[in-house]
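Please read the structure below before turning to the comments.
Naming follows writing order (A, B, C and D), and every chain is counted from residue 1.
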Amino acid sequence: MNKNRVELFSDGVFAIVLTLLVLNLKVPSSHGIAAVLSIGPALAVHATVFGLVGVMWIAHHGALARVDRISQRALLFNLLALFWVTLLPFAAENAADRPAEPLGPSMLAFCYGAFMVSFLAMRLSMHSTIDDHAAMKAWRRTRQRIARSLVVWNFACAVLAWWWIWAGYAGPIATVAVFLALRSPPEAEHDFDQVAFAGSEGPSIGTP
Amino acid sequence: MNKNRVELFSDGVFAIVLTLLVLNLKVPSSHGIAAVLSIGPALAVHATVFGLVGVMWIAHHGALARVDRISQRALLFNLLALFWVTLLPFAAENAADRPAEPLGPSMLAFCYGAFMVSFLAMRLSMHSTIDDHAAMKAWRRTRQRIARSLVVWNFACAVLAWWWIWAGYAGPIATVAVFLALRSPPEAEHDFDQVAFAGSEGPSIGTP
Amino acid sequence: MNKNRVELFSDGVFAIVLTLLVLNLKVPSSHGIAAVLSIGPALAVHATVFGLVGVMWIAHHGALARVDRISQRALLFNLLALFWVTLLPFAAENAADRPAEPLGPSMLAFCYGAFMVSFLAMRLSMHSTIDDHAAMKAWRRTRQRIARSLVVWNFACAVLAWWWIWAGYAGPIATVAVFLALRSPPEAEHDFDQVAFAGSEGPSIGTP
Amino acid sequence: MNKNRVELFSDGVFAIVLTLLVLNLKVPSSHGIAAVLSIGPALAVHATVFGLVGVMWIAHHGALARVDRISQRALLFNLLALFWVTLLPFAAENAADRPAEPLGPSMLAFCYGAFMVSFLAMRLSMHSTIDDHAAMKAWRRTRQRIARSLVVWNFACAVLAWWWIWAGYAGPIATVAVFLALRSPPEAEHDFDQVAFAGSEGPSIGTP
């Protein structure tokens, strides 16, 4: 089964979720600067969830970029991962409408955790062109350790949110921060670029 | 007429329908755990319809993956199949808002049945690269028998829902279950993989 | 400028418009069979506009399939054509909410007419691979005459709707009917297939 | 990282934003010609924002068309640019619902300015095939000067809108007008076509 249509379909879902988030912003009834201030909390939730969906999309994009074929099993895990993505606009709507109620932030953290579990399951049921390169194994192990930590962190935040509401927001915000920090070192980016290159041109990394 | 844009367009419709389902989830007015419980039924409907659309998408994906060109007739049947898909968010909204009213579950089962009829008509008006392989004919016959049974089952459920409401929900749920059971045996998956392989590399199955 | 992204983008707009139409269907408040009857008019409008958008998409698909490159001018006409497409969900919402008010049906007919004018302008500013084939010129002339008649017909219906409301609905319905009738003769479909074939393999029609 | 999926995803976001704009048009409660007049202002806002998003999409399309690979940094800037695009339906809704309130028009101008800043940052972090052609450097410098002027203009309009509301609308309208004027000279279009040609066939411009 070729991966092209899976990418098309997944990108469609990500793009629509990203755009539906804006429906949570309601036209304020106040005037002038008061109107700007009244949409502040909803805008902050919007920006946070936008960042979270962006991080999910980049992870999804990266995983499929280095894979040739997709099995039925991986296809089902992909659908499961997308299920959690489609719940995000509802979680965001809860957080935007009632920021002080635990349901919204808890769902945000939970959906990210559940997405990552499905995503890692999908990743493990596919064989990537870089899996055989010795030089990439360390990099991949590091990334998977970070991914697993983020899963635990977000599930913990989803539970803690019911006692201390800011824990729910801490889950996604820390996830986006970790992701941005992870990408910044130029070395890592360069390594990653080589991988993408190898993926399209054949196994050329790690060969002396 | 090349199939690429038909896939693009159909994937767009599937992805949007999948994502619009979330608009049926309404922010609850209750607090704490009560808020979680109050969205339970709508979440269950959401998950069921998500599974149903996922099953439709995988079937659609599989059929087009092994086809080279699409005739005008197949294009029209494809549009008709998508028509029933676009009705699903409305059926799901009915079921989520009024779970005990027959309209929603009956429409869910009916739309799936009507989708499958249009989809089978589309499939029969296209010539697939695997149609000529003797080894694949048995597999294809089995699949078409299952598809026809699901059509009859869902139409029956759509009618019965007006007397016993759970029959409406039984249609899509059984459809998703049959699909997951059908896919689980590794032998079947392996066969299917070979087919996809043959589709992209030429007729190599069944030749001694 | 390659046509791939123009197709992607246009297909996205068509697919979203097609799916947004479902938002015009409102969950009825009545019960049992009465609920089915109460959504009847909105369902009829939904099916009509779905058919209309389907016809637009097939025309758009067909025109771009036989073109290699897209000029800036054609790109702007394409955007203009899409503008009228994005107005259709609003026109359909008017017709579904207030079927006896002329605004909805009149807008439906007007949007189709304006779409076709922009579409024909786009088509004329692109050079298609089939334009040079003598055998195709007659076919193309016939098609363009039909397209121009549909433009006049729909603009006339858009105006007449303000006196006799059914004229507004007659515009899109006749358009879909003409399109389906046009496609049915197997000879025409066969000719068309040859064209698509020639488009992908080089000029082979009309050469002895 | 190949650019194909970035285009898919971005086109999805643009197409959905373009189509969501129609949700800002509300079915009027008045009858006959009064109904047409009552939707006038919302239609004018719709057309303006549609034009603005169209201009953004053509710029985005043009930039990626002449690029081979996309770095992680460019990917993040692209996401940032899309963030401002997804805010546009909310800005448009504010303008359509309350045309005389500064929030809507000010946000429209601000979002375009912020989009262009992110877009220029993305463009500078990618290496395009035309960047090395001497003949193209002048053309590119001119375009970047215009882009920078539009950024300053729109940010100024976003601020001025709080004193004189029409300044907010002047930002996007002038942007669309500049864009259309910029594209009209046939010489410029011809130059641009050559560039696109060189992008797909190799460096052939400026070589004697």
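Following the convention adopted for this analysis, a contact is a pair of C-beta atoms (placed from the backbone, for glycine too) under 8 Å apart; a residue touches a chain by one contact, two chains touch by 3 or more.
Worth saying up front: this structure is predicted, and the values here are computed from it rather than measured.
Visitor: To bring chain A onto chain D by a C-alpha fit, how many degrees must it turn, rounded to the nearest 5?
Guide: It works out to 90 degrees.
Visitor: For the homomeric pair chain C and chain D, should the interface be classed as same or different, according to whether the shared residue numbers exceed half of all numbers used?
Guide: Different residues, largely: of all residue numbers at this interface, under half are found in both copies.
Visitor: When the centre of a chain is set as the mean of its C-alpha atoms, what distance in Å lies between chain C and chain D?
Guide: 27
Visitor: What whole-number Å value describes the gap between the mean CA coordinates of chain B and chain D?
Guide: 37
Visitor: Listing for chain C: what residues touch at least two other chains?
Guide: 8, 12, 16, 23
Visitor: Quick one: which bits of chain C touch chain B in the complex? Just the residue numbers, please.
Guide: By the definition above, chain C touches chain B via 7-8, 11-12, 14-16, 18-19, 21-23, 25, 27-28, 31-32, 35-36, 46-47, 50, 54, 57-58, 61-62, 64-65, 180, 183, 189, 192-193, 196, 200.
Visitor: Looking at the complex, which residues from chain B come into contact with chain C?
Guide: So the residues of chain B in touch with chain C come to 1-2, 5-6, 8-9, 12-13, 16-17, 20, 23, 69, 71-73, 75-76, 79, 82-83, 86-87, 89-90, 93-94, 97-98, 101-103, 162.
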